[in-house]
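Presented sequentially are two complexes of chain A, the first with chain B as partner and the second with chain C.
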Partner chain A sequence: MKRSKSMIITFLAPCLILYFLLFLYPAVRAFYVSLFKWNGFTSDMKFVGLGNFRELFADRHFWSVVMANSFGIIVFGGLMTFTIAFFLSGMIASNPRGKKFMQGLIYIPSIINPVAVAILWSFIYNQQYGLLNGFLRIIGLGHIQPTWTAPDTLFWAILVAMVWMYSGFYFVILSSALERVPKDQIESAHLEGASEFRIFFQVKIPLIWDVLTTTIIYWCIMAVKEFSLLYAWGGGVDVPQEGARNLATYMYMTAFGRRVTIYRMGYSTAMGVVMLLLVVLIYLIITRVTKKESVQY
Partner chain B sequence: MMTVKKINLWSILSKCFLYFWCVFSIFVFLWVINSSLKTNREFFGNIWGIFQTPQFENYGKVWNNYRMGTYFMNSVIVVVPSVLGLLAVSAPAAYILARVDFKLKKTLTRLVSFGLGIPYQLLLVPLFFLLFDLKLINSLTGLVLVYVALSIPFTVFLLISYFASLPKSLEEAAEIDGCGPGRTFFQIMLPLAGNGLVAAGVLNFVGLWNEFLLALTLLSKDSKYTLSMGLYALQGSLQYTGDWVALFAAFTMVVIPTFILFILLSRAIVAGMTMGAVKE
Partner chain C sequence: MKRILVLVFAALLAAGSVFAGGQQEEAAAGNSIEYVSMWNAGEPQAIFMEEMAALFEAETGIKVEITFAGRDILTKIRSRLLMQDAPDLVDQDFSELSGALLRDDSVLVEPLNDFLYNEKGPEGQASMMDLFDENLMKLYAKDGNIYFFPYEFITSGFFYDKSLYAEYGLSAPTSWDEFISNNKTLTDAGIPALALDGNISFYNAYYYYWAVARTLGAGNLMAAASDKSGATWDDPGFLKAAEMVYELSAGGENLFQSGYAGSNYPAAQADWAMGKSGAVLCGTWIPSETKSQQDAGFDMGFFPFPEIDGGKGTIADVEAYLIGFAIPEGARNSAGAKEFMKFISKEAYADQLAKDTVNIAARKNSYYPDLLLEVKPYLDSAASFHVSYDGVMQGQPEWFANVFYPLDNDLVFGNITPEEFIAKIKADTIAYWKSK
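Moving on to the complex of A and B:
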């Protein structure tokens, strides 16, 4: 069907103008800004070439805390989230009583405001009045009273909260994929005497491979970008502690941190560039590694 | 047909896990709601106790004195126009990209797809100064524009997959009946993609209602805060003053609308999510 040029332009223009002006233009400009030393509030931008990146990669804190946490979220957070999501969808698939209700309940944490999630978990972890230690007191372990959010365990404490928050999202996607697996294939595997365990890994997983890869890529990208829960964890009173510092929060704090003003715009944007490169790298690796094993049905 | 169910340790364990997961979530929510109706003295005296008389004034205090009312209204003022504006600009664009052939189609589609993978952090600093130059810092209008622009890639791709799934014969029939391209879009294609619009609307609504990073960057005036920002600020001050029950009430206030939305629209949410995952 013929459509006039003018219609194509009127339909596309508002969308593309906004997108180009407020999304692509600043994204491209970021590469330029990352090459400068700049505090943002004067026009004095000093060109330093790749100096920001050199400084960043030479910074031990960047590797041992920031990157370590970012990768920790991707890998350990990912393993926990996907294991739990699979577990829960397997159980829901067996049609327990109250299935609908439980599905909703599992999903809901992923649409709660992440700042609220941070607050909720601070209630759970609080040393004196928190749920967790209160529970320990009830079962007679009151003498332990761990500080769950002490510096050395903070990262893991947050990770648990994060897994609680996100599992529901992956649960919904994976269980709807698993539901589409043809029943006869599973049944014939059952008849051949395969265990549930083997059926899961050798029949179901290959059949949902495409969805699973997309979902894993999505998790990784989201994990790299993860900001709200970590930043809100500090309770609005100080800069994120080490356990809550990943690429996203560290980058924010370097540019706009409210309590400790740093205003290193170029340096911070260099971290933004690193985040993009990391996303691209992860995407390329996962799509390459997982390509061959896809099974059509 | 059911297969023979073996009752083994594995299935018992995973069933326990399912129940544990659900009971945990229910319990935590009930505990917070219960605590939000106590007095601080009651709460600090016994964290497990049920409230004596419900302290609804906790909510009043949070809404008025701690300005949650303002933050709530700001969120509405930002998110509703954002979602409507987003759909208004994305639907026509998605329609063209999905169903009309023209020279730049591939290039444009690809450019929009970049947006799916770009972390917002990359553009945070340039965006801040761009808005600063446009005098749109601390402005809800500015935030709306940013929300629309940054949500375009996801929304356009979600809608492309809906438009692409409609049969081609529809447009041909419309043309034979003398329907112009504009009318074809508004009166035939758009209503047929209604489910897609609802899904895109709801998913973006939830996402923007909970958005924190951009609000934190672009708003610094207390009177302009959205809910995420307000809650964040409140958390700092209330923990400092020890007014926990108010914080419980603030939490409940922020979470309840999401619950209601979910209960009303869970179908659309799930449909949109799975569509996105399968078609991406």
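Moving on to the complex of A and C:
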């Protein structure tokens, strides 16, 4: 027994050391830095206590733009992504011809670099030569030529691109979970006269509940941390416009600037701490809300 | 096996420290300088710097080790400055350099007064300062010290398609009314008078900043940004400037290209270079940046942001956006860095810089590339200089990005009226300062 204990410690030690060095220490250090006014260029750090957090909670821009966008991505982006992923999974579950090819095709956007996605969708949205307005012209709606990426619609334009980029990934996970649902249960539901709608919500969803909960948590974490697509949208030559500012991009521009020389490491790190707490909170809420007995099959 | 691994590790460690130590010793001995550059490898300026480094080494025996770090250079050297392992020379535009390295709480660059005033010029001038306009050099001075050494001069104004203007019997406007009238002539003919990539906030910001510079003069936008009470915004000059911008916007005369609010850089400027719009308000880098897109025979002209009747600012007040060197505190070979700065300031090399990069050299009386010849008279007759964006971009960066940009974008796109703009910017400025 003694021998096995030391064996466990020996085998766990490398992982624990790495976890401590690469996660716990930086997290604690980040909280420490968030208590200082610091530009990051010198070791001269001025202790301000919870001043950065107080400022953050009083920062109108942070709440009305940054957090609003972050929650918008979580909620609206999540709804769109999961609706599309479920819809596509349903289509694939009906075993259409070329199923494998279609699965590959749906997954492709997930492996495209976000910078390339930003460029691609910028072309699609181009008001004069873009695919979208071109399509409107073809179907006789040439008089409607919206500026899709104007400030008032920029957030939604980016969100659509984001949903396009991630739907394939969630489709793969949900689709493989749905395929695991025993066919006899679905058949018996059919025999008892249940509609497809009822089968989906009362048979399939409960049977993949654990997978669904995990993917929702994963989406929320990803949505809070999303950076590349939003930052690349403006070409990276300027700070992101309001519609492209979420917690991650705002943190970056506050710490590093982009032409606009803000360089507030302490304040930015306070945002990082808020981000960490937000992720933990989301995890706790989702696991509590979605908690139910797992169904064995 | 274990012994071999230990020996290999020890050998690598020793080689590493010898190599690193060797480089440091070389720098300290004056045999090399380390220059971290804002340019990306392959850019005209990067090619120029590489050529200068080779010539400099041949003449002095001092090797210039260049790292092309790109525009994020300050982010990239930040950890090195923090570890007190500064390179000998860095470059960037002075607005970013001062915003990062010349802050109220810390000065991280060496003052260059002694070098500028006591060092002879490369062609025997009494001092290095004789190569430059002293007012220009003092724009970014702090507490009487000059910290930056320029090699490239940038200003902004309207670059226009001369052939297109001539086709409609137009010439460069000399007043705001003439400017509006010219633009209307073009839009009436179905040609967008102005090109703007609306997704770049600092391009949108040019309009209001310039309008304030014309109505109230330089220094006022900075004053308004810094005023915690917001009372400065009550000056009618700010409203007048907002009215000027609104007049151009989709809410006013709609003089920009269709869909400009969502135009992704560089779509609009590329269209302009292909003769599809009249003018673009931009920095003097635009001729170089659009060179490959310009149609054959594209004839480019320049005029400054027009004056307005009763305005306090005139076209003799010129924007100076300088690019150049700084020597970080703790540089090992500061003397070598200064020698290199002096070397590339030679008349022939300043001319070459302008020629190769299609830009304006910071040195007085340097060569002007053909595409920028029309800028020259305005610079030659400049009575005063002011920094780009009135210094707000580096002086009040957070206010600029979070308060000004969003409202300015709304104004430029015609989403809010001038009165709404003033009311909101005043309220948001007060709220911004209250949160600090």
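Everything below uses one rule, namely that the second predicted complex is superposed on the first by the 271 of 297 C-alpha atoms of A that agree within 3 Å, B and C clash if a C-alpha of one lies under 4 Å from a C-alpha of the other, contacts with A are read in each partner's own complex, and residues count from 1 in each chain.
Throughout what follows, a contact is a pair of C-beta atoms (placed from the backbone, for glycine too) under 8 Å apart; a residue touches a chain by one contact, two chains touch by 3 or more.
Since the model is a prediction, treat every value here as computed from it, not as a measurement.
**Q** Considering only the touch criterion stated at the top, classify A:T147 as touching first (chain B), second (chain C), both, or neither.
**A** A:T147 contacts chain C only, not chain B.
**Q** Of the partners chain B and chain C, which touch A:L35 in the superposed model: first, second, both, neither?
**A** In the superposition, A:L35 touches no partner, neither chain B nor chain C.
**Q** Touching A:S176 in the superposition: chain B (first), chain C (second), both, neither?
**A** So A:S176 only meets chain B here.
**Q** For A:V115, decide between first (touching chain B), second (touching chain C), both and neither.
**A** first
**Q** Applying the touch criterion given at the start, work out whether A:K225 contacts chain B, chain C, both or neither, answering first, second, both or neither.
**A** First partner only, chain B.
**Q** When the two structures are overlaid on chain A, which partner does A:A27 contact: first (chain B), second (chain C), both, or neither?
**A** first
**Q** After superposition on the shared chain, which partner residues are touched by A:G235: those of chain B (first), chain C (second), both, or neither?
**A** Both partners, chain B and chain C.
**Q** Counting residues of chain A touched by each partner, does chain B or chain C come out ahead?
**A** B
**Q** Could you tell me if A:Y263 is touching chain B, chain C, both of them or neither one (first, second, both, neither)?
**A** Second partner only, chain C.
**Q** Once chain A of both complexes is superposed, is A:I74 in touch with chain B (first), chain C (second), both, or neither?
**A** The answer is neither, since A:I74 touches no partner chain.
**Q** Under the contact definition given at the top, report the residues of chain A touching chain B in one complex and chain C in the other.
**A** 40, 122, 235, 237, 256
**Q** Could you list, by residue number, the parts of chain A that touch chain B in their complex?
**A** These residues of chain A touch chain B: 1, 3-5, 7-8, 10-12, 14-16, 18-19, 21-27, 29-30, 33, 40, 84, 87-88, 90-92, 94, 96, 102, 104-109, 111-116, 118-120, 122-124, 129, 131, 134, 138, 164, 169, 172-173, 176-177, 183, 186-187, 190, 196-197, 211, 214-215, 218, 221, 224-225, 227-228, 231-232, 235-237, 247-248, 251-252, 255-256, 265, 268-269, 271-273, 275-276, 279-280, 283.
**Q** Spell out the residues on chain B that touch chain A in their complex, using ranges where they run on.
**A** 1, 3-6, 8, 10-11, 14-15, 17-18, 21-22, 25-26, 28, 31-32, 35, 43-44, 47-48, 88-90, 92-93, 95-97, 100, 102, 108, 111-112, 114-115, 117-130, 145-146, 148-150, 152-153, 156, 171-172, 175, 181-182, 185, 206, 209-210, 212-213, 216-217, 227-228, 231-237, 239-240, 244, 247-248, 251, 254-255, 258-259, 261-263, 266, 269-270, 273-274, 277-278, 280
**Q** Which residues, counting only chain C, touch chain A once they are in their complex?
**A** Answer in residue numbers: 71-72, 74-75, 78, 81-82, 95-96, 99-101, 103, 105-106, 108, 198-202, 257-265, 267, 393-394, 397-398, 400-403, 405-406, 409-410, 413, 415, 428, 431-432, 434-436.
**Q** Taking the touch rule as given, give the residues of chain A at its contact with chain C in the complex, in rising order.
**A** 39-44, 55, 58-61, 65, 122, 125-128, 145, 147-154, 157, 233-235, 237-239, 241-242, 253-254, 256-257, 259-264
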